[in-house]
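In what follows, a structure is listed as structure tokens, so that the remarks can point back to it.
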Amino acid sequence: MAVAQPVGVYEREDLLTGCQAVAEGIRLANVDVIAAYPIRPYTEVMDAISKIIADGKLDAEYIVADSEHSQFEIVKHAASVGARAFAGSSGTGWMYGFEALVVTATDRLPVLFLVGNRALDDPGAFGVEHNDALAIRDMGWLLCWVATAQEALEHVLLGYRIAEDKRVMMPMALAMDGAFLTHSQHIVRIPSQEAVNRFLPPFDLAERRLHPDNPVSIAPQVNEDWVMEIRRQNWEAARRARGVITAAYEEFNQVFGPRYKPPYYFEEFQTEDAEVVLVGMGTVAMPARTAVRRLREQGHRVGYVNLRWFRPFPTLELRDCLRRFRAVGVIDRDFAHGAPDDGGVLLHEVRSCLYPLRERPAVVNFITGLGGRDVSIQDAIRMYEITQEAARKDRLDGFVTWVGVRE
Amino acid sequence: MIKRVEINYRGIFQKTLAKKIGGDIVMIASRMGQVGFSNGRYSDAPERNGIPCKYFAFVSPDLSEEELEAECGAKLDIDEANISVVLDDTMVKGVEPWAWHGVRPINEKVVPYGHMLVVSRRKPEDLVRFMARKPYPYYLALLEGDTSFAGLWVYRDDLTHERVLGALAGLDPQLLSIEAVKSYLWEKTHEQHRVDAAQQAFESVRQNIYEVTPAQGIDWPYEIPKLPKWYEFSEGVVVKGVPREFHLGPKGQSRNQLFKRGTTKSQRPVVRFDLCTKCTLCWLECPDQCFDPTPDGYYDVDYEYCVGCGKCAEVCPVQECIVMVDELAFEDNRSPWEHWKQDPEGYVRWAEEKKGKYRVLPNVVTGTGARVVEVEPVPVGGKPKPAARAGA
Amino acid sequence: MSTAEKVLVYDRIKGVKQIPLEEFYTSGHRTCQGCESATVMRQFIKAAGPRTVVAGSTGCMYVANTSYMTTPWIVPWMHTQLGAGGSSAVGMAAGLRALMRKNRIPQEKINVISFCGDLGGGDMGLSGISGALQTDYDLLIIMYDNESAANTDIQATGLTTWGAQTTFSPVGRVRRIMHRRWKKNVAAMLAVGHPNCRYVATACATFPPLDFLNKVRKALSVGGPTFIHTYDPCPKGWDFHPRYSHELGELGVRSGLLPLYEIIDGQVVYTYDARKTAKGRIPVREYLSRQGRFAHLTEEDIAYIQRMVDEMWDEWEVPGVAPFRGNLKVPA
């Protein structure tokens, strides 16, 4: 990752957890309103922000809400008057306020949320699982996973840039694996305010903002004469978002140096001559990439695709990427009980994306790492082996393997 | 063959009645060996007092239930009605159930040679003069009776339900035979007077069927709004507020142009400006902001928006100053204050003629009856007298 | 006027002729004939004026006012969720404060008002309102109470009067009274629980004249978060002819079942104290008998309601407001 960058872009380095890195991003983005409510493992971002505000490093309203539902509604309404707003949650807390999350998208308000991925209740469990953030996937949200603290900070800035673009105007969920990223500390290079100001324009809700000088009515009740057209508009916005995402990364690279490689939605690791790849989201990238290095030492041609953007899904780009391989193993750090072939959420997305091809790679699925269970390098190696086996077979009997469960 | 029956009714006040009629159409038709189902119009709900609503019943003598459902089910509205029942005759002035719908003719869906059954004490010409001209003939059938209103909890059992069923049998014996209607009512209630009411209506309606020709009726004066395409309106579910505009005088206050609501009313307030003490209460208490303050301190009524609740008449402290009068007595929505200013004595004569001699004061609980009082009209220049209040 | 009232500086409407004539919530909405909640909407924004932003939560005053893809609002208005009456007000107030402080919009007093129904305010949204009343934002939350979940066609809520018929509490052959909960005392509950909240009031839109208008003005002038609970006779849900909406409000207040008061900086000021009128409180029967939703009540039921109302006014330490009972009647 050590690349030469323009002078004066980064002002210092610091040892930060994923949560703290997001807090720095919030500071740099000059967010106006933050609503906090505690739930492990995302809470630390709010601790960090409150300290930033208390020390005078950020001028913002900071409200401790009475519940996640109130928390999410507060930031939604702050955005409606034209304020840049931030909130976040994890697991069951995210579910508590789900109603508010859905309407924020249909109201087309570009609020940023941190989702510290956590297993859903019941039973209560704090460990990482992706189902919380994934639950929002159909509603018209931007949704992306970051795998490092550096990425986390930068995706706060990218997030606001993309979400607030007039062609997009969708809320964004920035997902981050609980514990493994929220709580582990890494060295992060912190951009200067001046550089951020060059990249991120101010938030302008224009003729939609609620203010006495702009008398509008937002979200009147509708019936069957209107819903379909409104959905069509929002569907279109999600499609337009793809082009905006690309543009945003290019602008980012111009200001901060070539941090991200096209196509930006995902990052390939040693895939140039690979026969077989695994695809995953979040911190599972680490054991997977280590497994790639070890297997390559033994002559296996394997690679890893780290998917960053889940919504909008990079259909064309991912199809063009994965079609080159003989087999693809999809890692799901989530569950989808009773789904087709009993596969996880990401499996279905990847399969669907590959379906139009006449010649497709074999696709297998791994359900792993649920509820905070480690995904070890050994686990990753096993996943590669199973995927390689799928590449050799003419026909697959089973698609799904649970990796790491006691059986 | 499919028979589509629509029941036009006033929301809440006739909700139970319409549902009973619609439901019983299906029950009785089914006993005759036909298939059927019924439903309300989804977008009408939640119903509001007075708003025009529709209930539907679909019946077929020959299709299977599945086929009937396929044709008529999973749909929110109908395209054509073989019989259109109208439970409140003031609805013939047009119906506007929600914004962007427009004020539409009551006979919009009636098919050629179809029937419009109206519960009314009026003559056919009194009704047809408000109805839209259709390019083909249809029938207007009158069932003599008062409009039956009741609230949600206390049902008004005035036999309107039974009589409408009897009348339907009179209009289309294949749809409902009078024998089936009577035996159904007897089985359900064992009350002869209900059976008799149906029979009586069956006989009387057949003496009261009139053909309405394409020459009769009016050119419909209201435009139907055109719904925009998905890319023709703002994203983010945002609409512009009503523009801010206010000056004294008729229509001085800006109002929502997309939804006028005047067709919600069965009655409208007639104002004796010459008796008015300018207390402001009618204007202040109107839930629909229909009064326009005038430069000389009076309060004009914008009848396009008045929904006929009667609150103004009730709170007015002056006897005979505001009186509610049946909507069918009025041809237009002319500003009453302007009318009075232009011709003070003529206006009072006009007002008193509309009001007539009798005042009907409904009991507080809807549908439980009313007091009818005969009054002496107050002459021009008469002294305002304090009104009695229902709470007293 | 009380001491508290004398101290509070606000633009008081002194007579009916001084009521602002302009409307900011205008004709062309789908509310019932005689809807008092619509009257509440009209009056509060008339009192507040055009430099206001409004959020309205799901309920009659949302669905009936904006059906469909239309609006009767002249001031800026936004929909919010059923239980978000409190949080929406906080969000708007916080956003405006931040933008003004950061000089992104001009500094000025902008009224922030959120409304919710009895379901959204007294039941679902209570925690959000409580949170809002603890902040230091200038905002007003209005809970318009028509004693039912009216928009879903009349179901019981925590603020429905005991014994009332609703679709969740029908009169049955075996169980005649299904709704046995006594009306929740929301305004007083909020006042007691939020000592820094400077203004809490109950009001009836049309009785006494000017009262609600001035209460809104007081709430918007006092500073900090405020709350008003309005009693809205509902012709659809309560079953009475729409023309009598005003009567029902007046009767409810005169009977003592609907206490009218305001609490300003901890001082209780009775707007209408039936005990001080010549006839005293009118019997609740006169109010109940005028509503079809109570048509099934027996003498025993009415006597029970009368007893509860008598207790409210004769035995509570703060009559009509707070159900604290002193030991004054217990002999030493």
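Residue numbering begins at 1 within each chain, and the chains themselves are lettered A, B and C in the order written.
The working rule: a residue touches a chain if its C-beta (ideal position, glycine included) is under 8 Å from a C-beta of that chain, and two chains touch if they have at least 3 such contacts.
The structure displayed is predicted, hence computed values, not measured ones.
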Next item on the list: Examine which chains touch each other and state the graph shape they make (line, ring, star, complete, other).
Entry: complete
Margin query: By Cα centroids, which chain is closest to the centre of the whole protein?
Written below: C
Checklist line | Cα-centroid distance, chain A relative to chain C, in whole angstrom | finding: 43
Check: When the C-alpha atoms of chain A and chain B are each averaged to a single point, how far apart are the two points in Å?
Finding: 55
Next item on the list: Return the distance between the CA-based centres of chain B and chain C, expressed in whole Å.
Entry: 32
Note to self: Can you list every residue of chain C that touches 2 or more other chains, as numbers and ranges?
What the structure shows: 50, 63, 67-71, 73-77
Next item on the list: Quick one: which residues in chain B touch 2 or more of the other chains?
Entry: 43, 98, 100, 239, 241, 244
Item checked: Shared-contact residues (touching 2 or more other chains) in chain A -> 215-220, 222-223, 225-226
Check: Tell me, which parts of chain A touch chain B in their complex?
Finding: 106-109, 169, 207-208, 215-220, 222-226, 228-230, 232-234, 236-237
Check: Where on chain B does chain A make contact in their complex?
Finding: 42-43, 76, 98, 100, 227-231, 233-241, 244
Next item on the list: Within their complex, state which residues of chain A touch chain C.
Entry: 30, 32-33, 35, 59-61, 63, 65-67, 69-71, 73-83, 85, 99-100, 103, 202, 210-212, 214-223, 225-226
Checklist line | chain B-facing residues of chain C, complex | finding: 16-17, 19, 21-36, 38-39, 42, 50, 60, 63-64, 67-77, 150-154, 165, 206, 209, 235-237, 239-248, 250-251, 290-293, 295
Notebook entry, point to check: So in the complex, which bits of chain C are touching chain A?
Noted result: 50-53, 55, 62-63, 66-71, 73-81, 83-84, 86-92, 94-99, 101-102, 104-105, 110, 127-128, 130-131, 135
